[in-house]
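The following pair of complexes shares a single chain, subunit A, combined with subunit B in the former and subunit C in the latter.
Let's look at the complex of A and B:
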């Protein structure tokens, strides 16, 4: 991956192995240099990517070599970004999904009270008779039993 | 009284007529990125893109002399930026 300085063309060529630096990484690094130099990207056989960095102003060979060095640093930076992005892909999707869900009021309300949405009962309804006083429920039966014992 | 020196318009016309060619890799530069770049640079030259095997051949003619020196380089830079912003 040694850079090739072309003094006449005022450029430096960096050859990348796409097995190490995937193409999106190489392109992202090249994109970061667009404001400083003219960039031309080409593919080569055996999964290699060539990036030509051409100075916008005439540059000394040492400056061109330094440019290639900075490009390599940027490649590493973009590679780390790429790896972190891949690793946290599902987590980011979950966070964004949750944020979007909470931003929409209707699904959020449904998610907060799914049972209430499907249950037609009011809070005052008492289908099991829990709120009925004991006397009302069993009081008459007990009196009836006592009356029947007295008769015997 | 006539002048031997050609008019500015004639000089511009002469320099505008010289064509230039840029080759870009089809595996890297997408057609949509090239189309957007061509539209952005249309006021500076007549630009024709054609796919030839694994390369895009971009032919520039009637180039504005003010940008002639850097037109091809700026074109490739813009194409790369288009590629990154919206592949």
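Let's look at the complex of A and C:
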């Protein structure tokens, strides 16, 4: 994926193998250059993603080469970020969930509140009929009757 | 060199009938050896050869390293796992308490014009930059709605003492509204002290308001950076500190606990003189010196070019200062460096100092909130400083329009939480120092344009790595471990920072706040 520097067009083209850099990684890396470049992203055959970074200001050849280098470093950062995020997904959910919950006034108040003594329901009550089997609730009652007659 | 990916779940046991399983570990090469750490914060130094054998599963069963691995809870079994889980819970106590620190900017006005000032300072006589009583009332409503049982209100500015009537209102109204014991309320004032009258000093001492000031070194160094019209900032601040000391003594408070805390903002001019700076703190009778690097928040590029420095320059300064402090310790002089003491607490004990910069996730919004003089609320003081640059990304609401619950539900709070969860960040998740460190997404945003750091080019990360490298190498030196352990023994000062009636001395000792877990020293990790 050697980048191509086009001095006339004031741009750098990079062709990415999506087998190495999944599309979200390529897009995230390209997104970081929006402030300095006009960015064009296109798909190519054989799982290739092309990214063109065109300088908003005229860039010297060395600056264009540096831009390409920065993009490649950013790609690596985004790839590792993607992998770490996938690997630690459940851990992050647990830690962040716990942290946010501790700052939330409602769960704290709920935890401190005494159990609702006035609640008349027993834990075995089922006022919404959630525990009733689907067949009993919505099944064709006529067919059910016929079946029971045949059995007799 | 960066730590490699930990060998999670590898089985290095050498014999078929003995297959010890490693707990998740991280490691870092340092000075020709390898430092191995686990999630519980234990650590172990290994020589290169046994480390490689361990990782390759070729370490012989009779190798003495097995005993060391077991002692430092690196080997997995059900009991060790349960212990490590419990220790991680203790070390992450901050996840259970909510926002405890509330930074209240009473005014942007200031009588100083410091060369590195980054707090959107306004001239002393300019109107329109003080917090009004109406705004203060809203701010207090929000603060008291926090679920945290212990709350600290920290008055900042500008120079907060220039708006003393509102400070008094906060203290008295806060005390009144928590008189039923529903919350423990603490106050602290961050001030240059130069405008305080004797009556104001007496009030602050009587009300148990902790006081913190800045002394940037010997007089000529301090006055060069902290500019007061007419000069003499150092002399005036020191004189006010002496008046506080006299007021504490008059009330028979323990001088080891009752004192004005001071800290240093390290600017370019300080870099060549770390020893002189530490010696100034010894002369002042301080037991701790906090050497804070300048941060780029709210500071123009011109100021940074004049006062700023690289991470390596700061680290050279910091390590020289610490070498000097350790030499003083050997001579029997009590002194510690604050950041080192906090890091050592993370390394050597299971205590959670709940320091916003050294926790995961960071303290932004879930550990602290910052209230601007006009009622705007920011995730943290750093976020407020970015707001002073004209970027309100970290503003999560306004006390005039939003409740505490609205503020905490702001999406920026979640973003900061996710982006500072150290265990899940590139460069941090596998770093050997993850159990001790912390990140600042606001810094990353200002310096690198993203809440998530590019660690390899991040100066803050470089400074943290440098500090931790230094401390671990010093801990490995014979005789230094016990000396450095003393830096973690911080006495609880809360007993002197409570209101007291005239003529009645404060209690000399008090249990730690209810929210804090009891201290527990970790098993010492020895050199192998």
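Assume the second predicted complex is superposed on the first by the 93 of 152 C-alpha atoms of A that agree within 3 Å, B and C clash if a C-alpha of one lies under 4 Å from a C-alpha of the other, contacts with A are read in each partner's own complex, and residues count from 1 in each chain.
Throughout what follows, a residue touches a chain if its C-beta (ideal position, glycine included) is under 8 Å from a C-beta of that chain, and two chains touch if they have at least 3 such contacts.
Note that the structure is a prediction, hence the values are computed from the model and not measured.
Student: Of the partners subunit B and subunit C, which touch A:28 in the superposed model: first, second, both, neither?
Tutor: First partner only.
Student: Per the overlay, which chain contacts more subunit A residues, subunit B or subunit C?
Tutor: It is C that touches the greater number of subunit A residues.
Student: Should A:106 be classified as contacting the first partner (subunit B), the second (subunit C), both, or neither?
Tutor: The answer is second: A:106 touches subunit C but not subunit B.
Student: Go through the superposed model and pick first if A:7 touches only subunit B, second if only subunit C, both, or neither.
Tutor: neither
Student: Could you look at A:39 and tell me whether it touches subunit B, subunit C, both or neither (first, second, both, neither)?
Tutor: A:39 sits against subunit B, while subunit C stays out of touch.
Student: Identify the partner contact of A:88: answer first if only subunit B is touched, second if only subunit C is, both if each is, neither if none is.
Tutor: It touches subunit C, and subunit B stays clear.
Student: Go through subunit A and flag every residue that touches subunit B in one model and subunit C in the other.
Tutor: On subunit A, no residue contacts both subunit B in one structure and subunit C in the other.
Student: For the complex, give me every residue of subunit A touching subunit B.
Tutor: Per the touch definition, subunit A meets subunit B at residues 23, 27-28, 30-31, 34, 38-43, 49, 54, 56.
Student: Hey, which residues of subunit C end up touching subunit A in the complex?
Tutor: 92, 95-99, 145-147, 360-361, 365-366, 404-405, 408-409, 413-414, 417-418, 421, 423-427, 429-430, 449-450, 452, 454
Student: Show which residues of subunit B lie in contact with subunit A when the two form their complex.
Tutor: On the subunit B side, the touching residues are 24-25, 27-29, 70, 73-74, 76-77, 80-81, 83-84.
Student: Would you mind writing out the residues of subunit A in touch with subunit C in their complex?
Tutor: These residues of subunit A touch subunit C: 32, 35, 73, 77, 80-81, 84-85, 87-88, 91-92, 95-96, 98-100, 102-106, 108-109.
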